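Just below sit the structures, each encoded as structure tokens.
After this come two complexes, each holding chain A, first together with chain B and then together with chain C.
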Partner chain A sequence: MTEHSLWRFSRALYRAINERHTDELDALIDDEVEWAIYGPIDMFPFFGARRGKAAVLDVCRQVADNVRVHRFDRESVMLGVDMAASMMRFSLTALNQNKPISLRLAQFAQFKGGKLSNMRVIVDTFDLVEQALGHPIHLPKIA
Partner chain B sequence: MVEEVNRRCVLDFLKAFYCGDVEATLACCDDDFDTITYAPIELFPHLGHKHGKSWIPDAIETQQKRYSSRKYELHFIAVDGPRVATMMRLALQKRNDQRVVQFENAEFFTLNNGRIREHRSFFDSFDVVEQVLGHDLTESFAATMRGAMLR
Partner chain C sequence: MTEHSLWRFSRALYRAINERHTDELDALIDDEVEWAIYGPIDMFPFFGARRGKAAVLDVCRQVADNVRVHRFDRESVMLGVDMAASMMRFSLTALNQNKPISLRLAQFAQFKGGKLSNMRVIVDTFDLVEQALGHPIHLPKIA
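Now for the complex of A and B:
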């Protein structure tokens, strides 16, 4: 039974972020990959849309410059033919401030010939911004 | 076969929910329905963690009060046994200023006997807060955040 592309990609991404080894990741990304992490790019420059392998590898290096992953749990995973969706919970450290951050995100991936061709990541960004700021953002209450 | 039933149920749920058809939405859900939408509850008191099907008429009513139209466009669906995930683009037109709030929404469903028992949802909540409030928050925090994150 062949291993789903998601597992190979996830291991390679983890190594790229925590160990800064991008060789495996390089081999698992389609040249024409489309990639987007939805969120405020003024605050998190590695968010936003990228196109092409070089841009995606570069953004993974930016993530590696900013965070270290301590733990991640897949709370829900759906594997299809050449596609996968997962809901994940990460424990990270923001390296510049040595600040722990807990993050939940949704990952929607599509693969072509075993390589990542499309990735969409949706993050609960309001919670993330509050954690990165270190204080709650006061909002008006709306009934 | 089971996966097709589950896929159909989720598609029916989304259609009914955004049409405002309470009965049809309820028919897609298990009696032990549990939902969490990760979002600031000061602005979205109908979201957060809710247990029980009574959430459905409340959520539909709240959204209908706030938004004159609610449209969705499904971009991705994955089905794996009892679990279904969707990603869609929502467009909600606010009643107070007619502006359209648009965002990508991720939803994860776990089904039991062809009915939705668990629902988890999240979105780029910072962006949605800005759109709902009608003003930019980024500027206020970007300077602080630039110190926190390396370029």
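Now for the complex of A and C:
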């Protein structure tokens, strides 16, 4: 039984972010990859859509410039033949502010020949924004 | 081949929200269900964690009081034996404000004997909050 592409990709992404090694990651991304992390790109320029390996490697380097990952837990994982979905919780430091951030997200990944061909990430963005600002945003009760 | 529990549950949830029929939904929820929609509960009291069928039916009624679903698209779906993960996009109306809302979320569901036993939902909450407020929140660029 061979290892699922998700695990290889996740290790390579972790190393790219924390150790700034993108060689392994480079080998695991399809040239025509489609990528999106949904969220406010004004505050986090590494959010948003990217297309093609060069753009995705570049965005991973931007993430590496901004965060260090301390730990992550997969709260749910589903593996298909060439797909994976997981719900994850990250403990990070935002490097420019030296601030701890706790982040929950869902990722949906597709692979082609073992390489990442599609990645979509949904983040609990309001919680992230409040932590990055360092104070709560006042909200009216609407419901 | 029998229908996956996700499809039955989704139809019942849709009817519970749009037509205020919870009988079908009642039959498809495990008594000991665990449920969480992550997001700002000050603004949306139907977000947050719930435990047990009565609490989950109650929260579905609260959602029904507040939104009408116009359409939803599953952008990704993964089905396992007793699990499902999907990334979805909803077009809603917030009833109290008569306001259109477009919402992206990820749901991870587990079933036991065909009944929902666990549901976790991650929402792109910042985007939702801005739409519900009706104006953008100014954010500094931090990265």
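The definition used in the following text is that the second predicted complex is superposed on the first by the 143 of 143 C-alpha atoms of A that agree within 3 Å, B and C clash if a C-alpha of one lies under 4 Å from a C-alpha of the other, contacts with A are read in each partner's own complex, and residues count from 1 in each chain.
Note that in this section a contact is a pair of C-beta atoms (placed from the backbone, for glycine too) under 8 Å apart; a residue touches a chain by one contact, two chains touch by 3 or more.
Worth saying up front: this structure is predicted, and the values here are computed from it rather than measured.
*Asks:* Contacts for A:Val123 in the overlay, against chain B (first) and chain C (second): which applies, first, second, both or neither?
*Replies:* In the superposed model, A:Val123 contacts both chain B and chain C.
*Asks:* Once the two structures are fitted together, what part of chain A is touched by chain B and by chain C alike?
*Replies:* Residues common to the chain A contacts of chain C and of chain B are 38-40, 42-45, 62, 65-66, 75-76, 78, 80, 83-85, 87, 94, 96-97, 104-106, 108, 120, 122-129, 132-133, 137, 139-143, listed in rising order.
*Asks:* List the residues on chain C that touch chain A in their complex, please.
*Replies:* These residues of chain C touch chain A: 38-40, 42-46, 62, 65-66, 75-76, 78, 80, 83-85, 87, 94, 96-97, 104-106, 108, 120, 122-129, 132-133, 137, 139-143.
*Asks:* Show which residues of chain A lie in contact with chain B when the two form their complex.
*Replies:* Chain A reaches chain B through residues 38-40, 42-45, 62, 65-66, 75-80, 83-87, 94-97, 99, 104-106, 108, 120, 122-129, 132-133, 137, 139-143.
*Asks:* Could you please specify the touching residues of chain B with respect to chain A in the complex?
*Replies:* 38-40, 42-45, 75-76, 78-80, 83-85, 87, 103-106, 108, 110, 120, 122-127, 129, 133, 137-139, 141-142, 144-151
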